[in-house]
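For reference, chains read A, B, C and D in written order, and residue numbers begin at 1 within each chain.
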Amino acid sequence: MKDRWEERTQTPLLVLAVAFGLAYAVPIVAPGADPWVHRLCTHVEWAVWAAFALDYLVRLALAPARWAFVRGHPLDLLAVILPMVQPLRLLRVVSTLLLVGRRARMAPQITLTTYVAGSVVGLMMFGSLAVLHVERDAPNGNIKTLGDAVWWSFTTMTTVGYGDHAPTTGLGRVLAVGLMLSGIALLGVVTANIAAWFIARFERDDETERRQLELLEALTVEVRELRAEVARLAAPPPGAPEVPAPAPTSPRS
Amino acid sequence: MKDRWEERTQTPLLVLAVAFGLAYAVPIVAPGADPWVHRLCTHVEWAVWAAFALDYLVRLALAPARWAFVRGHPLDLLAVILPMVQPLRLLRVVSTLLLVGRRARMAPQITLTTYVAGSVVGLMMFGSLAVLHVERDAPNGNIKTLGDAVWWSFTTMTTVGYGDHAPTTGLGRVLAVGLMLSGIALLGVVTANIAAWFIARFERDDETERRQLELLEALTVEVRELRAEVARLAAPPPGAPEVPAPAPTSPRS
Amino acid sequence: MKDRWEERTQTPLLVLAVAFGLAYAVPIVAPGADPWVHRLCTHVEWAVWAAFALDYLVRLALAPARWAFVRGHPLDLLAVILPMVQPLRLLRVVSTLLLVGRRARMAPQITLTTYVAGSVVGLMMFGSLAVLHVERDAPNGNIKTLGDAVWWSFTTMTTVGYGDHAPTTGLGRVLAVGLMLSGIALLGVVTANIAAWFIARFERDDETERRQLELLEALTVEVRELRAEVARLAAPPPGAPEVPAPAPTSPRS
Amino acid sequence: MKDRWEERTQTPLLVLAVAFGLAYAVPIVAPGADPWVHRLCTHVEWAVWAAFALDYLVRLALAPARWAFVRGHPLDLLAVILPMVQPLRLLRVVSTLLLVGRRARMAPQITLTTYVAGSVVGLMMFGSLAVLHVERDAPNGNIKTLGDAVWWSFTTMTTVGYGDHAPTTGLGRVLAVGLMLSGIALLGVVTANIAAWFIARFERDDETERRQLELLEALTVEVRELRAEVARLAAPPPGAPEVPAPAPTSPRS
């Protein structure tokens, strides 16, 4: 039941996640838009959060052991409850992103690489927008346009860090730390992927293992011949001189 | 004896280590506090160092081979002796941190990842505070607040290095080098962890090993059947019609 | 047929690729050269692109399954068609580089390390030149000479990122992001290479495998002796009293 | 012969290498020293180069196949010849460092980690000094003291790259690129070391191998019992009651 629900709701939830991204981006990229655009975006954000919260509740209801499900997914519960308690915009965004990420990890066909790559792209996009939102109004800020924000997030995640643009407010720096740590994870996954591929090729040539296989194959041949010989021994009634020459006919194996 | 001592003192020493962190942080974060606060913090620092020095001596007394223990832990001995010889504050702090770290490594349930992660967090915290302490009074310094110091230590450890804040004094730079090297270790551990996880999964699909297992299993089946056949050969008195059944009684060996 | 074509055209296409590099570099490094030099370079660029496009068509004609070839090399097709549709210089350059790179990967004797190293050197060279071309005319640009451009591309690819030189235009930053990502791949390949080499040495000392080999060798000896014994059993007609002592002569195996 | 020469000259050559380091450092750190100090340092530099060149020639003379030795060590030959042809100071330094490094790699007890660590420390020291030497006289240079140079080389090798100090001359930047590439190698070795250690621990728990060992041990027990059974079969003269005791003489194996 729970698995079928997760499988069926996967595509609509993905569509909702993309809609959430747009609803988050529009008011930041176009701050001078009509008030109804801003209001619509806020409504979409709340609606997406509500949809993911509902998904959590349905999965909870379908879970065989409910208490275990709640204890096993503490972050999900927090992400569902927090936006109601504290109607801060950034908190709601982080909560929804958390729900999207936790849900994505459940999809069985997703690999670690896909998951990290997706998280990195998502983090970079939301990080750029959030830093732009925060730093645009800072008096000494130097991240004033979307282009600067995206460029800055690239230099941060790759750990290049030119320093031509850098956040100056506390909140902007907290967001930056998140991007840096994701950048390290990105580096780790890239390296690990290449290393695993290299090592798998190295191993294939490993001499010890080849020798083991040879030995095993030789041993198998030997045991098989031994069995044939024992069978030959067993077939003719041994010690019965009245049977003249059964030996040539007996090897059946 | 020694193991029981180490196990029992683990929690109180951890509490002392946290107290040491607070006693180190307070005078730097709040330099305008009452003189008695400063004095209390200094006393706490000395007390924690004394407690760890005492722990070293007790472990030395309980060690089966004392001379081997002293030779095997030269850094601990140095960390115990140095603060008495030279009452410099930074030296005392480094000594105590060293004792805390060496002690933590002895806890059997701690893994390399936990140890590195703990060291990284500890180094970042003490590094931030120490650099703030040193750079705050530097004429050309640009690390003047705790926020700047923490932000700078993050950009350093992740090797991003924007350069918007950087130490200018000799001592501050020595501390910075420590943070950089820890950052490299952090990167290495993150990558290695992911890589090890990847490779373990790759290996599971390794064809050579699968083939070896198949061969071994087939061989085991074959040998088992061979044994059964040999047993069958031994059981009926072969070629001796007049001896009814001596065979079943003879195989005793 | 296709393999022979690929093998034979390898060297001439490499020469053409080098010519392309020169034709791309000259107008940027020496912008004040005679108009005929510029015209010659443009002709060479078009000629090299045409040669690689022709190579694609020949390989397509020689492929056993043409439709599968087209579907299996979508980037090649794009790189062949795009320059005709849109005569932008940068696009033509990227298309030709793509064709060169795809072709290089087909050479069977090339390893991943060589391929990545070659791509890195190629990207750095073209990245430097392209950024210089774009940034030289930017009003606030700080990459004005070839030396600056090469220096900047080194600090970018190694993720050092001093920030003394950094692109300021959108196109320059897009090129920079490409260099950063290549730098991460470079780091990954270097680390993976060293790690694979280390692990291969670690493995050689692996105790489990040594023990397995010992066990297998002991087992092989045992099985061989067992066969000899069975052969000895089989040779003398057992239970035939008229044959006195054939046993010493029979073991032939 | 050659091995004994290499072993015996190891310690004196190490002492000479250290002397070379001092002779290189003194004129840069103390440019205002007496002229005879400068002259002495130049003489020491030449002497050390000469000693290593002599060592090369002796090893060449002792080599079993001289032409193969020359072809197998082209860099050594270049390092021996170049300083005579072109009496540039930096070239002589690079040549001598090359000879020292090539010689160090021949020491059998040196591991890759030690070699890389040594190269990194050596490169950082010579890199700092050389950049200081070059940049001190540059009009726009910002590396004017030894402290700045060492600090800069640390920020470069760890790929942090604050950018508060950076070379501005062509030669200084070439040296910087060398340091950056060494920094990447350093990162790779650190990561690879940790990863290899991790993977070696992971492997120990590998289930497939454990299962293989269990199977092999079970198989060995089974084969041993089978041999015992065959021996038992052979021992009592089966179905021949009139032959009293030929069995004790036949099982010889």
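In this text, contacts are C-beta pairs under 8 Å (C-beta built on N, C-alpha and C of every residue); 3 or more make two chains touch, one makes a residue touch a chain.
Source: prediction; values computed, not measured.
**Q** Validating interface symmetry: for the copies chain A and chain B, is the fraction of residue numbers used by both over half? Same or different.
**A** Interface between chain A and chain B is built from largely different residues.
**Q** Rounded to a multiple of 5, how large is the rotation, in degrees, that superposes the C-alpha trace of chain C on chain D?
**A** About 90 degrees of rotation relates the two copies.
**Q** Quick check: how many Å separate the C-alpha centres of chain A and chain C?
**A** A distance of 27 Å separates the two centres.
**Q** Enumerate the residues of chain D that touch no fewer than two other chains.
**A** 159-163, 187, 191, 193, 195, 199, 203, 206, 209, 212, 216, 219, 223, 226, 230-231, 233, 238-240
**Q** Can you check the complex and tell me which residues of chain C touch chain D?
**A** Residues 147, 151, 154-155, 158-164, 186-187, 190-191, 193-195, 197-199, 202-203, 206, 208-209, 211-212, 215-216, 218-219, 222-223, 225-226, 228-230, 232-233, 238-241, 245, 247 of chain C touch chain D in their complex.
**Q** Under the definition above, what is the set of chain C residues touching chain A in their complex?
**A** The touching residues are 112, 156, 159-163, 166, 170, 173, 176-177, 180-181, 183-185, 187-189, 191-193, 195-196, 199-200, 203-204, 206, 209-210, 212-213, 216-217, 219-220, 223-224, 226-227, 230-231, 233-234, 237-240.
**Q** What does chain C use to touch chain B in their complex?
**A** Residue positions touching the partner: 159-163, 191, 195, 238-239.
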